[in-house]
Amino acid sequence: MKNLFVALLLVLPLLSGCTKKENEIVIGEYDSLTGSDATFGLSTNKGVRLALDEINAAGGVKGKKISLVTLDDQGKNEEAASATTRLITQNNVVAILGGVASGRSKAAAPIAQSHGVPFVSPASTNPDVTKAGDYVFRVCFIDPFQGLVMAKFASENLKVKKAAILRDVKNDYSVGLADVFSAEFKKRGGEIVADLSYQAGDIDFKAQLTQIRSKNPDAIYIPGYYTEVGLIAQQARQLGLKVPLMGGDGWDSDKLYEIGKDAINGNYYSNHYTTESTDPAVTEFIKKFKAKYSETPDALAALGYDAAKILVAAIERAPDLSGKAIRDELAKTKDFPGVTGKISLNENRDAVKSAVVIQVDGNNRKFITTITP
Amino acid sequence: MKAFKNPALALLGLCLLGVALNFSVNAYIQLILLFAGVNCLLSMSLNLVNGYTGQFSLGHAGFMAIGAYFSAYASTRWSFAPSSLLVVQYFVFTLGAGLVAAVAGFLVGLPSLRLKGDYLAIVTLGFGEIIRVALLNMDFVGGPRGLSGIPGFGSFLWSFAFASLWIVICFFTIWRVMHSSHGRGFLSVREDEIAAEAMGINTTRMKVKAFVLSSFFAGVAGALFAHFTNFINPSSFTFLQSVNAVIMVVLGGMGSMTGSIVAAIIITVLPEALRPLQELTGVDLRMVIYSLSLVLMMILRPKGLFGDMELSDVWRKYVRRSA
Amino acid sequence: MQDFVQHLINGVSLGSIYALIALGYTMVYGILKMINFAHSDVYMVGAFAAYYFARWIGIENDPGLSTLLTLIVVSMICCSLLGLVIERLAYRPLRNSPKLNVLITAIGVSLFLEYSGQVVFGADPKVFPEVMKDFVIFSIGNVEVRSFDVTVLVVGLLAMLALQFLLFKTKIGRAMRAVSANPMVASLMGVNPDRIIAFTFVVGSSLAGVGSVLVGMKYPKIDPLMGMMIGLKAFVAAVLGGIGNVGGAVLGAMIMGLSEEMVVAYLSSTYRDALAFGILIVILIFKPAGLLGKYSVEKV
Amino acid sequence: MSDVLLEARKITMRFGGLKAVDSLEFQIKKGQLAGLIGPNGAGKTTVFNMLTGVYQPTSGEVLLEEQSLQGLAPYEISHRGVTRTFQNIRLFKNLTVLDNVLIAGHQHVKYGLFDTLLQTENFRTDEKRLQEKAIDLLKIFHLEDKAHKPATSLPYGEQRKLEIVRALATDPKIILLDEPAAGMNHSETHHLMETIAKIREEFKLTVLLIEHDMKLVMGICENIIVLDHGVKIEEGAPAKVQNSAKVIEAYLGVEEKE
């Protein structure tokens, strides 16, 4: 029995290998389907699949069906790197839809770049991602813009003079946003009274919040993910901190209100898109998404949807399926009518688009204002 | 020098293998092989502490992180050699990474080596976490953003040759140390510390020596890892990474060099080999299967694949007998 | 000054949560000399058991004492069963194999529970049912003592006293201490070590169940990886207090909670986790068996 | 230099309230074969542990050739020439017989890590010398044919002998034997007596022996120290000790007065 087990362990490596049908265009996608930020990976994946199903239903591209190969990176950088290499060399994908977290994208993008395979990140907002090379694109705005949005909103709309920051030091997305907000807020005459941090996965924030309470700020900027923000809001109210809380697109999920309940109500966060928009494309997208997944799409699902659509549009326009051709077409994307607003890619291949400010009001997301770059 | 005969032969063999692999396998498998090389260094070096000296370290990822960050910082900031001699420059930085990690191993080893078993495991785990959190807070190495744009070797051939060079250096260093009086000193500490001390062995110095040598090669493994992935951030050096190294040593067989190498290759390849399963079932069961096989392994074959035998003994015992 | 008092309260309440989980580690280590890494994941399964049970019989949003008690009992039962199964399948075959193998198995079981949890429960965080209304018991200035904190502290102390009583005042407690001292001799004296060890796992795991419901009450976000960090810290607390020593576990937990709170408040919040291990290392170097642990000198 | 090799001056060992050894005084001359006897729990092994640095005496001092051993770690004391065997055998079980002896020779090894890595001449000659010396020692005790067998595979008597050989490999000045004859039958004890005599003249060694087998002790010891409850109650030649009232009382207790 023992030797059988050991033999089984050794034979497994030979299992890998795959089949490639002829009349298909294969697009690769890697996302965190397990691990700490699995929820973002799952919603992006849903958005992408919805987009590709629509395109295939309408006859696919250049007469061919689009098949999607999705690999899981378990929220780890090395996994993202090996998944991307596998997609390129094993599944021979024509292009890659990257994941959400900037850390993963920075590990995977250089590999796509070195193999000359176009890489489109739906939601990594860290500026360094697209520095990997000319094959790397993104369809969301970058941290410097998103941080500016909230700094502007805080000082102009909420008339906040003294702000505190509580950042998630484990995620560069959060650190990036916090730094930009701090700089922009000070430029507008505001004062940062406290800048404390926590780590994704923590559940107790009373120490930091008590410290912030002693500096009595007018508002607190918490650019973290909704998984922690819900608890932070509750504990802030428990400590008597009644000031408004602000955040970034990491807040966007139904579970934010489920966890935070009335403690999170009335607070603001910047986001890519709003479900309240009257734009027919958006209402159509929401209807189809609900029909397929019976849940309302969050920003990441919308971004996944747009990223897939933009990529396929580029493939449609491209003369052939070579990486270079698709890359050139992608770079020419101008005023693409995306669900997350008009998307055009600038010279560093980042998306220049407006952001919206949302107020949490129970389960729905109240649209407050749009801030354009 | 006769001393360089068999290491040179081993290196040549590996390089030939590298050339063969360069043309026969695609980039995905090549990347996995490079990671397997890094893991071989990790498991051989940890085998020195957990396997030969019987001290239980759970902080190996910390030293790997130090090595990775040193060589990443060095090769992105300073570069003295002209582009043709780039490999020499990487060798020097990797050596530096090892030395820095060795110093860290000394600083960690000294206070904690009075402790035994579980307590030593916890303290080394603590140091690993402290190193990770410290890196998270050091902005000049990018903090959570990590360090990107670390120059690689350009071609798989160079990377594989560089990794093989270090694997050969590590293998022969540890093999020769273990076949000398110093090596026997490590073994005596594992067998019976009190008797060893009574027979004149300075057990504390032995443990620190094993710790320093092992963290040197962990630093080297870190440097290779940095060059192969071109991007590192603190979250790739967590407690799970140290556990992975320990599993390789235990799976390979405590105190068996070749066992650690074989186990390192299996543990690198296994998750990737299971990936098609994930494409079929749509659900990622890799880690579930990996952890389950771990538990079964410990029950069915507690001594590990090779026990404390080397490949040569296994060959003689199993294969020769059946022939 | 009020802030300092508030920090004290926060620290104590954080400490009492670590205590609930640390007691489980100390129990198993005390008897079996084994670090049960899977303990923090049994805690996680306890939280999900309470979550699904509440939704199943529809009490997930009528907070009250009855809901709290039912969920605690349910969670204790599930955790105990899981503890038994783990002990029977994974640990019993390794009863007398080297320590490292047992530790690797424990890590294997822990990883297995975490990753299969992600597959079975789904990787996304769930919202723990509202078990009890939180109200302010008394407050001076803006320093408030809330009912959640007091409940957790009281339950923690009760659990410690109950364990002390169990270990030192009951027959089965004496048998447990006998097995802890020497399983082979204990069995010569008519004690069945396997049954006692199974019982220890039941007690340890049910403590984790209690802990999971109380933590879920206070921090209503649960996900399959929730046990990882809190488990590591609770384990450090148990070692800090002297692993195997029930009083030590609670003492270590309080020190851990308070020092984390104080570091975040007065030093720098980024070094919170590093500090937790820093204290441990300093204490272990000067008191190698933890604060209250007895350092067993090896007989020559 | 007086002919006293090892001297204990009022050494005391206190474990909490209990005085395991109470201001013990004795001197052992160079080349002498001394015995340390006493009923169970008299503190004999504690004395051994104090002489070899495993315990630091609570008060008093141990001197080797008039140099104090205070504060020295066991390995430093071993380097000065004090070696020992253990009451319950502590061999390096999973290592080979030869390795057990080689490890004890480590303190005389001159090559460092650098020589080992490059297999220099210095390394090769020193290692060969070490191996030969170990094989010679094993030959004297007829263990050389089992050199490559694991230590645990040896029968009990030979494991005892291996412990002695291992102790000799440290080139000691004095060897402390802790109940070497424990668990041995008559002929094995007799063979052990020859072995001890052989190592005394062949290696010009001083021997201090803890033993319960009175025939062995009285047979070969020149000077005997008797310990009871940590206190020295008698010292002298075998004849004097054999019929000393205090010794008989310590061992057999006092007859009941009718």
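Think of it as A, B, C and D in the order they're written, each chain with its own count starting at 1.
The working rule: a residue touches a chain if its C-beta (ideal position, glycine included) is under 8 Å from a C-beta of that chain, and two chains touch if they have at least 3 such contacts.
From a predicted model like this one, the values you see are computed outputs, not experimental measurements.
Steps from chain B to chain D, minimised over paths through touching chains, total 1. Across the two interfaces under comparison, A-B and A-C, the one joined by more C-beta contacts turns out to be A-B. Centroid analysis (C-alpha atoms only) places D farthest from chain B. Remark: the per-chain Cα centre closest to the mean position of all protein Cα atoms belongs to B. Per-chain CA centroids place chain A at a distance of 36 Å from chain C.
Separating the CA-averaged centres of chain A and chain D is a span of 73 Å.
Centre-to-centre separation between chain C and chain D, using Cα means, comes to 49 Å.
Residues of chain D in contact with at least two other chains: 54, 86.
Within chain B, residues 136-137, 194, 284, 287 each touch two or more of the remaining chains. Each of residues 33-34, 169 in chain A touches at least two other chains. The touching residues of chain B, counted against chain C in their complex, run 50, 56, 111-112, 114-119, 121-123, 125-127, 129-130, 133-134, 136-137, 194, 239, 243, 246-247, 250, 254, 283-285, 287-288, 290-292, 294-295, 298-299, 302.
Against chain A, in their complex, chain B makes its touches with residues 26-29, 31-32, 35, 136-137, 143-146, 148-149, 229-233, 235-236, 266, 269-270, 272-279, 284, 287, 293, 296-297, 300-301, 305. Contacts from chain B toward chain D in the complex involve residues 1-3, 172-173, 176-177, 180-182, 184-185, 187-188, 191-192, 194-203, 209, 308. Partner chain B is touched in their complex by these residues of chain C: 29, 35, 90, 93-94, 97-105, 107-112, 115-116, 119, 232, 235-236, 239, 243, 270-271, 273-274, 277-278, 280-281, 284-285, 288-289, 298, 300.
Residue ranges on chain C touching chain A, taken from their complex, read 3, 6-7, 10-11, 13-14, 115, 118-119, 123-125, 127, 134, 142, 144, 146, 215, 219-221, 223, 225-226, 228-230, 260-262, 264-265, 269-270, 272-273.
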